[in-house]
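Order as written gives the chain letters A, B, C and D; numbering starts at 1 within each chain.
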Amino acid sequence: MLKGYSVPRSPEGRAALVPSPPWHYAGDFLVIEYWTDADAVAAVLPPGLAPYREDPGRCAALFVDWQSCSSDQSELMDPVRSQYKEFFIVVNALYKGEPVTYCPYIWVDRDFALARGWIQGFPKKLGSIHITRSFNVPSAASPKIEKGGRFAGTLAANDRRLAVGSVTLEKPSAVGPTHNDPPIMNVRYFPRLSSGQHDNPAVNELVRARSRDRAVSEIWEGTAELELMSAPNEEHTALSPVRMGKGFRLSFAYTVDDLETC
Amino acid sequence: MLKGYSVPRSPEGRAALVPSPPWHYAGDFLVIEYWTDADAVAAVLPPGLAPYREDPGRCAALFVDWQSCSSDQSELMDPVRSQYKEFFIVVNALYKGEPVTYCPYIWVDRDFALARGWIQGFPKKLGSIHITRSFNVPSAASPKIEKGGRFAGTLAANDRRLAVGSVTLEKPSAVGPTHNDPPIMNVRYFPRLSSGQHDNPAVNELVRARSRDRAVSEIWEGTAELELMSAPNEEHTALSPVRMGKGFRLSFAYTVDDLETC
Amino acid sequence: MLKGYSVPRSPEGRAALVPSPPWHYAGDFLVIEYWTDADAVAAVLPPGLAPYREDPGRCAALFVDWQSCSSDQSELMDPVRSQYKEFFIVVNALYKGEPVTYCPYIWVDRDFALARGWIQGFPKKLGSIHITRSFNVPSAASPKIEKGGRFAGTLAANDRRLAVGSVTLEKPSAVGPTHNDPPIMNVRYFPRLSSGQHDNPAVNELVRARSRDRAVSEIWEGTAELELMSAPNEEHTALSPVRMGKGFRLSFAYTVDDLETC
Amino acid sequence: MLKGYSVPRSPEGRAALVPSPPWHYAGDFLVIEYWTDADAVAAVLPPGLAPYREDPGRCAALFVDWQSCSSDQSELMDPVRSQYKEFFIVVNALYKGEPVTYCPYIWVDRDFALARGWIQGFPKKLGSIHITRSFNVPSAASPKIEKGGRFAGTLAANDRRLAVGSVTLEKPSAVGPTHNDPPIMNVRYFPRLSSGQHDNPAVNELVRARSRDRAVSEIWEGTAELELMSAPNEEHTALSPVRMGKGFRLSFAYTVDDLETC
């Protein structure tokens, strides 16, 4: 009798790469809102989602420094299994006429987060992500979360730098990032390997993310920059900025143990 | 119209973590045949497989130093996307009365190989694998593939060492490793996240691996040692050796683009 | 005319692994005070330092999550060159009758910090260090800096786990960790390779660390645990705890651009 | 009484990052000969070396896949401490009228190799290096060492790709790479940190490498390509090719336990 939420399933269920939900998350976010070419957004939307004509080409790029754990919180006492960093792009779209966001590209630096993402429908690949931190002590080596504080994020994968973003804080934000108000939609996708079935996936379902116990810190906003760099096996540069929006810095927490299949 | 064999699917299909089959592989193998507790083998078998009563507790541990590519061989000119190392354990079993092998635990050091494994039904997690090499030049730093040549493999994951194996060569092998004669069976498994469905996977299918264009080098055999070490989120030590068999060193190549669903 | 503080020295001086001092540091510290066998401490002291007979066997183990930069702070906008983690052990000793501390073993996870350490006399090797973080948002995934908050640190090197420590917070600390009140002494050491000179280093000098612009956050203290694990090429387990002291959590910043040669 | 060839020095001498010489090496080389701007070569030469006017701007770029060990060969049974990859550039120069080569820039992917390099005078930084391999089995995933065989090498550091080279084999080489006939000169350099002494290194000596027990495989030669990419903290692109020479593939072994101070 094999146990465990994910592979490898094992006699005691302890070996699974992804432990059973719920999954608790806390993280520091660098959010960069921007606009890209509207056709480039349309080109990454899966069946079921339509372009968001009201504000075409709207996107956000997010660098996140995460810590997560499952119910028994054992990962927090073995932090190599708890911490990871992530970069992703979301585009605005419509689902049955309702505003949503969709994540076409996402990179993460640990295996458990990669597999957990696939199960949620996030199309994760491994990358190397670094994000400026603020420490609770005055230092030339620690930007402050106040006017003039500058924070950067970088992404690389396969030994190539793929994204650099930065935010210069100006003031506390009355509203916060707006890209994330609509729910996020994903596609759970698991291919077949049998001959003749390579284009007929075993799982291909549009889903809507669900979360609970959401909490957010004070949010700061300011100006932002973002550059995306190309690589032979990447297409994210098609979503490069043509116009910048605001940048934000915040801490955020939530819990995930559910999903809505559309 | 999104393209690509795996996520992330993209307008041109270049961003997919796993390129379309066929996948070509070449690698150097360290194979260690051994026996563990027969009940421990029975405990890791999925539904559909039965213990191999004829030779109970029979296993093999394999350290493999791989290079792989897809049809256009572009990965060979960008070797960061081509090379990876792997450690796995196979146990002998019966499927409908026929001898087979089954892989309960496997670690690999690159994301594309991890995802490609999941699609084939190999329950891969990331690990750090190192394997002694032989270079084509006389040196104290290069064991020779001849009598007395010694080769080792090690596995770690989450900053803990999990396996150490070694082989001391004695002679060319007339037969080669025998664990791999029967076909290898896997379980393709992809969980659901919707509330109430965590134990009801979207994909849970017993499959039989298929490969073609198999090639093997001269095989050397000798004595072998293997130690498995425990970790909080691992259960592979339940398959620790109670008796050692032979060790083997060989190079092997094959191509995969098919799978048989049982 | 080659420029640069460290190798590689180059025409513009931009390529140096270690940029010119001053170096600014900010970090989160997990400090674990303990006692080991007094003879084991005596055995790691370099010439010039004597055992601290007043409190024999006194040690501390420190896990630190650092961010650092040089004068132009450019590293903060390219955080891959700014952040690193570190584990080290200090032992108490006497220098000319004055209480000091000495660092026999230290691991760090980035090359610039490794080389910068050698120049200061810290005997750094590369390791993998992870430390529980607290985020500024309520979450099951984020321990709070308050009574009951639990934080852990782990060290591995060469794929083997070498140290695990943890602190459970009890109250703000009136005094803070006391191991660090005396100045820290190091040995700058750079071997020769010429035949017959392998035991006659080019540099072998006892030095006393100097720093300025020191700043510290509120300090919390509590109970602590520490376990050191052995490896073939490590000797730190000779300094394993025989009695535990307090654990501390704090943030700390300072600037280094000087050193006193003794 | 502390023992050990390098830091950390310890009671038994087992903890040293660099074990005592001799050091035995075996590796697979991709050598790319080329010419860059002669002034750029002159600009990287240390005092004591003069430009090689006979063939100005002559360079070579080398990607090497190494395995090394010390006298007891214990590293070969723990290959995580034995294997590493390296990329470096050498330029031709004159020392007291005699042709030599000099290595201005070099990257390596393991700490023991970095420290061992500093001791020899190689100005090593950490990088990520990957090199196409040939396996001893026919496969689409394994280029052959024969006419038409193609091999590539790549370098990255700090998450940025810094070099890509490739060689297409044409024929066995009668002569082999010629850059390496002259002896290689290095500068052993160890800075001071005491205030006012930052430009007055403790060690700054021109040295000539010595090795013994050199062995080389059959050498293949062919055409070559090389591209160097810039980064904020790198200057190697000043040595970019203006004209390509031949490329070579070979295996090479040697032993090092001496050095000549000039």
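Heads up, the rule we're going with is that a contact is a pair of C-beta atoms (placed from the backbone, for glycine too) under 8 Å apart; a residue touches a chain by one contact, two chains touch by 3 or more.
Keep in mind that this is a model prediction, so the values were computed, not measured.
*Asks:* Which is it for copies chain B and chain C: same residues on both faces, with over half shared, or different residues?
*Replies:* Same, since most residue numbers here occur in both copies.
*Asks:* Please flag the chain sitting at the greatest distance from chain B, going by CA centroids.
*Replies:* The chain farthest from chain B, judged by C-alpha centres, is C.
*Asks:* Indicate the whole-number Å distance between the mean C-alpha point of chain C and the mean C-alpha point of chain D.
*Replies:* Averaging C-alpha atoms per chain gives centres 31 Å apart.
*Asks:* What's the distance between the Cα centroids of chain A and chain D, rounded to whole Å?
*Replies:* Here the centre of chain D sits 40 Å away from the centre of chain A.
*Asks:* Counting only residues that touch at least 2 other chains, which ones in chain B make the list?
*Replies:* Answer for chain B, listing residues that touch two or more other chains: 78, 80, 128, 130, 154, 159.
*Asks:* Flag every residue of chain C that touches chain B in the complex, lowest number first.
*Replies:* Those residues of chain C that touch chain B are 128, 130, 154, 156, 159-161.
*Asks:* Spell out the part of chain A that touches chain C in their complex, as residue ranges.
*Replies:* Counting only chain A, the residues touching chain C are 24-28, 67-69, 73, 76-80, 82-83, 128, 130-133, 135-143, 150, 152-154, 156, 166, 213, 215-217, 251-255.
*Asks:* Which residues of chain C touch chain D in the complex?
*Replies:* Interface residues on chain C, with respect to chain D: 2, 5-12, 14-15, 17-18, 20-21, 43-44, 46, 74, 78, 80-81, 104-106, 110-111, 114-115, 118-120, 123-126, 158-159, 187-195, 198, 202-203, 205, 232-236, 238, 256-261.
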